[in-house]
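Quick heads-up: structures coming right below.
Two complexes come next, and they have one chain in common, chain A, joined by chain B in the first and chain C in the second.
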Partner chain A sequence: MKNNKATFSKYLVSGVAALALTAGMATGASAAENGKFRVGIVTFLSGAAAGPFGVPSANAAKVLVEALNKGELPAPYDKMGINGVEIEAVIIDEAGGATKQVEEYRNLVQRQKVDAVIGYVSSGDCLAIAPVAEELKTFTIAYDCGTPRLFADNADAQYMFRTGLDASVDNIGAVRYLAATRPDVTRLSGIQQNYSWGQDSWADFTAAAAKLLPESEIVEEQFPKIYQGQYGAEISALSVKRPEIVHSSFWGGDMEALVLQANARGLLEDATGLLTCGEASFATYKDQAPNGMIIGARGPFGAFAPDNALNTWFKGAYTAAYDLDPVYPATKMAQAILGLKFAAENAGVADKEIPTAEQLASGIKGATFESVSGTVEMARANGHQAMQGITYGEYHYEDDKASIVNKVSFSGECVTPPEGVSAAEWIAEGFPGAQCN
Partner chain B sequence: MRFDKTEISLALVAIACVLFGFVSPGWLIFLLTIALAKALVVQGVVMQMRSGLVSFGQGLFYCIGGYTVGMGGQFFGIHDAIAALALGMAVAIVVAMILGLLLTRYRDIFFAMLSLAFSMILFGILVKSQGLGSTDGFNVHNWTVFGWAPETGADSQQTVFTMTVLAGLLIAVLIHRYTKAGIGVICEAVRENEVRVEYLGLSPRWLLYGNYVAAASVSALGGGLTALATGHVDPEMAYWTTSGEFIFIALLGGLGHVAAPFIAAIVFSVVRTYSIEFVPNTWQMILGFTLLGVIVFLPKGLWSLVSREKSGERT
Partner chain C sequence: MTSLLAVLIDGSIYASWLFLVAAGLTVIYGVMRILNMAHGSFYAIGAYSAASLVGWYFNNGIGPAWISYLLLVGAALVAGLIVGVIVERGLLRLMYGRDEILMVIITYALLLILEDTMKIVWGVSPYFAYQPYTELGRTAFGLLKVSNYDLALVGVSAVLGLGLWAWLERTNQGKVLRAVIHDREIAVAMGVNVRLMFTITFVLGTTLGALAGALTAPAISVVPGIGIEVIVLAFAVVVIGGLGSIGGAAVGALLVGLSRAAAVHYAPEFELFVIYGVMSLVLAFRPEGLFGRTMARKI
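Here is the complex of A and B:
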């Protein structure tokens, strides 16, 4: 047993190495507190959700942070940075699942010392982060994830906010659009990705259709797996049932593949496509999507955003930087950053002071702020969830130019369940208290 | 009972870790907790690698452990963390005893693919289970230890960390004894030449079966601890990329020593978190190059850094 001594010295070596490593990390942490307003931005930079959602969002964040630091935004956001303090964005990748995101969230807050976090496209990540945000008492804005469970599971949230809309709004809005523009449709069908998002979307859509389009029936539903890419069999199964409407909550590459394949097979000529996330690929369809296909943007975002001074500025700045019009995830990111700026400047702290998480939370809770998408009321989930209207319209491509025609907007009260009522209950009861204009 | 030097060193390192936990920042404790919990799953992978089998589906038991802890608290009123972890191991053992009957008939790529298939079946079932939150998963909270409920925050984080270190120590000592014992050495003999082992009058199949079941329970423990630490479980735990990560860590550490998976898991987590911080757009490439570098320069894993000087010498 003469190498036992060697074993011991090995442990010594590894112990010293570990100590050196932690010492290195500790110095990294202290360098983080530099007097700037540090914002953690978490969105997909790799994987299938990066192209359609993550990259436009990260680009929007960069454009906005740079412009805010120069004080270039129109009123009421013309003050430099956030409350006069320069902003520093720490952008990290959302890929890798909920366990890794919890780890990275803790790293952002405890190692990188960010003052607030904005992020999360995936609903699973949002649900995992919400309790941690409360535990670490860190002001956090979910900018895109759609799960209605976010505040249902975390009813007493103090630090978690969401400036984007709940996914049930998308599908209630979609049915209302059908009821307003095509009240005679009877044969509905759907194709969804087989995961939470697709399952929840279809459940809300079918429940709402049963109330608002009582004559209609569901003739076919298909649940291919996510990222499948080839939908030949599903398109055939849908075609033989002769639907009038094909609803889909597909997004990204899957959605583009579906539109391309369904259009080539003639399904979208016989039936009208209804894509709740359709606007995210608005610029890439060209002539491959049929005219008259109904698309949405999960709220008044992207191509559906109104022509106010903020949005005109944002579109100009984004287009100047990236040669593309901002799609809805970009608008939603801009909205979350403006929400944070509003929260800080409405928190009642002195100029050039960084508010605490409690002050930020009190600054935005239940408040109403102006954004690139119009006015946002934090009117649900005890003032933690934004309420806004939703707009749907038809894709129209003519003379090498894409546009949206036959837009119909529904107000927030028309598509959002009242406080304390879940979307499923509200739909089942026939939308009591809905105010539609 | 006599302890050898490795066991004493492991115990000392574990005590140092627990003490270190009281003075280090929260993010580092969390990183170490997850790394050590994942290292337990990697121990399961390494146990099978020693006998020549590469499991591409260890995520199956990782997920079973995590979901049992989550569902125990959510639906069956089992809030005691120790009981939930034990239950997770028990469920994994039962599942492994059934699957093992089929899996131990296969070797090499066939074993790898079949184990992968079973883990993806669990993933598919969980994705279809809307009551369990489908792909979004659900939260794991309100757990206790022997009736004591740690406060959320630093308190509960510290508790999970201590539990993970102690579980890691216990498993490491057991595995160390197992690999040094006759049966553990025969596992390596199975890898080298199965037919000869049979001529010795032993059944490689039942040996591998026992090994598979033991590896499953160790992995489930790692999954349960991860669920407690993260506070959330989702079907991604059974997805093939998660199982791939365990093989990545196993290769990084090597089969040289029971401590290798723990060190490799910590190195992996540190490299990953810093590459995400410094190169957010290409962090996967840094991880890839790390593995490539280890394979090219240290084919026997990181552990060969410490055991290199006595190459040629039998331990």
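Here is the complex of A and C:
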């Protein structure tokens, strides 16, 4: 809504900036020996995922890189650049599918000669990149994609890391939130985008609900096509089954359209919406989402990030640059960049030396580092996968101001399967070993 | 019983939206024999124009809500007119007489150009213009609550369809246009300014596409790529009805709308399949579509 106020000159400036970036990329191919720490940043700059995920992520990367190069971050990241070396970011578009992304990745590594790659919103892209990262022996951080298969399919990964959480955590956390705040709900329903993300999310949610809310039943499930935009029939089908909860893993424009249409038709008054990615549109709902709608941020990110020195600095810097609060994809990008800086400075190399990919990997594998979202433990997938807690809360809009109330947090050990156990097995066995406060 | 009522209501609403999207596509093909791949971009331009204008109107608290409905239509008319004239005069006019397949490729190239142009003009962040959608409230049919805006869309679609039919069948200009449809060469020989008719038709088609986008904008988040999503559906509808037939587009939209709504309520796992299932069935028995006419090829 705020975007409607944007002026043509703003877009002109953006266009000129994009051209400048493109020109920089074009001349950067021969700059591998320029002494800078070159990082490939891959996220959606076009297509439907650009607005909700890619642009906030790219913006976060720009804020972080600029501030790190000036040594403006709070401790323990107050050293200039990465290990004293100036950072040069090469930001490219994730759009185009997995095959194109593999080509782009090879280009980044072999022609642009990046020292590390951070990227990937799409799980399909993550799965395609992981074996190539191993082949090219390039230190790579998956910052957002949620597929649990990333390390299940690449169990011997040496160079691939993920500083965000996998999708199972979202849905186990969502059910735990319901069990904690609405233990008497019995009529559950769901609407998911009809591809692996939506189907996997629903499978995890329903399996967890069967264990944690044993009296509940699934009264309706809908799987419309991704980017469909119009959900009239699906909302009717859900409405007539009178659910108490409507779970959705929708994201981006689809999620915003669903909330708008379902709220206008009273579905979200009669039932409580539960959106696992809901925080990404926190700033845009305004009075078009009902108070009490449950939203998540796929971890302690965005509006759920804690009040620590790093996050306070990040929120201030991001808001100053873009006049918007950072949403969860922005926080996740910031976390990945801090993870890279930590890896480099924990690699045991001399000051102002660029570590090798192997040294970067050893610097972060199984480590614990501080981030904008709190403490991150690389405690799963042989030290390659982050483990953190997750928080859910209820959207509340009053006096033209949005907030999140009734927040409940669950520790990483409460929502993450133990090492070597898949989420499906862990849920089916009733969450053995879960440590919930 | 509630589900049956819901199927009828949902199916009608979806069909009316499909008809709005498909009408411009079929008008352009009927007269100009151009399978316009860029039609989805005209839809998106209409949506962006309307969302920008209505968003600006409400953000600045300029006046009453009812004016926003005029702004929706006005934005579509202006956007459709400008884009239609530029594309027809600046590009298509240079290509008339070429093979139909070449025109498909040209309009596909145009789609790619327009998609990037929209990103330059409007950026990649979502646009909202929800006030016209929520302002009209809703009507309850038992357990089912339906947006009045969606119900109004059924009326708009019906009026538009009847208006198009009346224009083609009951006006002199419509008769001239039908003469062009039947035989372009004879129409030229009889003194019809075919190029002018092409311009009028193309601008009408782009404006219909933009209007569909503008009327959809209040119910969705306007984001890059929305035009590409609708073009596939629009093609399915006009292929079922018969390329170039307004009545066919209406019947095709109804068939798809009701079938899809029935699938969503009774067999959601077939929801994606059913649209193309209906299309395949129709084409198996009537390859030219329900209302399409088989024509002898001129050699």
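Keep this in mind: the second predicted complex is superposed on the first by the 405 of 437 C-alpha atoms of A that agree within 3 Å, B and C clash if a C-alpha of one lies under 4 Å from a C-alpha of the other, contacts with A are read in each partner's own complex, and residues count from 1 in each chain.
Operating definition for what follows: a residue touches a chain if its C-beta (ideal position, glycine included) is under 8 Å from a C-beta of that chain, and two chains touch if they have at least 3 such contacts.
Predicted, not measured: the structure shown is a model, and the values here were computed from it.
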| item | value |
| --- | --- |
| Which of chain B and chain C A:194 touches, first, second, both or neither | both |
| Partner chain in contact with A:316 - chain B first, chain C second, else both or neither | neither |
| First (chain B), second (chain C), both or neither touched by A:112 | first |
| Which of chain B and chain C A:46 touches, first, second, both or neither | both |
| Partner chain(s) touched by A:242 [first = chain B, second = chain C, both, neither] | second |
| Partner chain in contact with A:149 - chain B first, chain C second, else both or neither | first |
| First (chain B), second (chain C), both or neither touched by A:265 | second |
| Contacts of A:183 with chain B and chain C, given as first, second, both or neither | neither |
| Intersection of chain A interface sets (partners chain B, chain C) | 1, 3-4, 6, 8, 11, 14-15, 45-46, 194 |
| Residues of chain A defined as touching chain B within the complex | 1, 3-4, 6-8, 10-11, 13-15, 18, 21-22, 25-26, 29, 45-46, 90-93, 97-99, 102-104, 106-107, 109-112, 123-124, 127-128, 131-132, 134-136, 147, 149, 153, 194-197, 199 |
| Chain A residues touching chain C - in the complex, by the definition given at the top | 1, 3-6, 8, 11, 14-15, 45-48, 50-52, 54-55, 194, 221-225, 227-230, 232-234, 236-237, 239-240, 242, 252-254, 256-257, 260-261, 264-267, 284, 288 |
| Chain A partner contacts - residues on chain C that touch it in the complex | 2-3, 6-7, 9-11, 13-14, 17, 51-52, 55-56, 59, 119-130, 133-134, 138, 140, 143-147, 149-150, 216, 219-226, 229, 260-261, 264-265, 268-269, 271-272 |
| Chain A-touching residues of chain B, taken from the complex the two chains share | 5-6, 9, 12-13, 16, 24-28, 30-31, 34, 127-128, 130, 133-139, 141, 152-153, 226, 230-232, 234, 236-237, 239, 242, 263, 266, 269-270, 273, 276-277, 280-281, 283-284, 306-307, 309-310, 313, 315 |
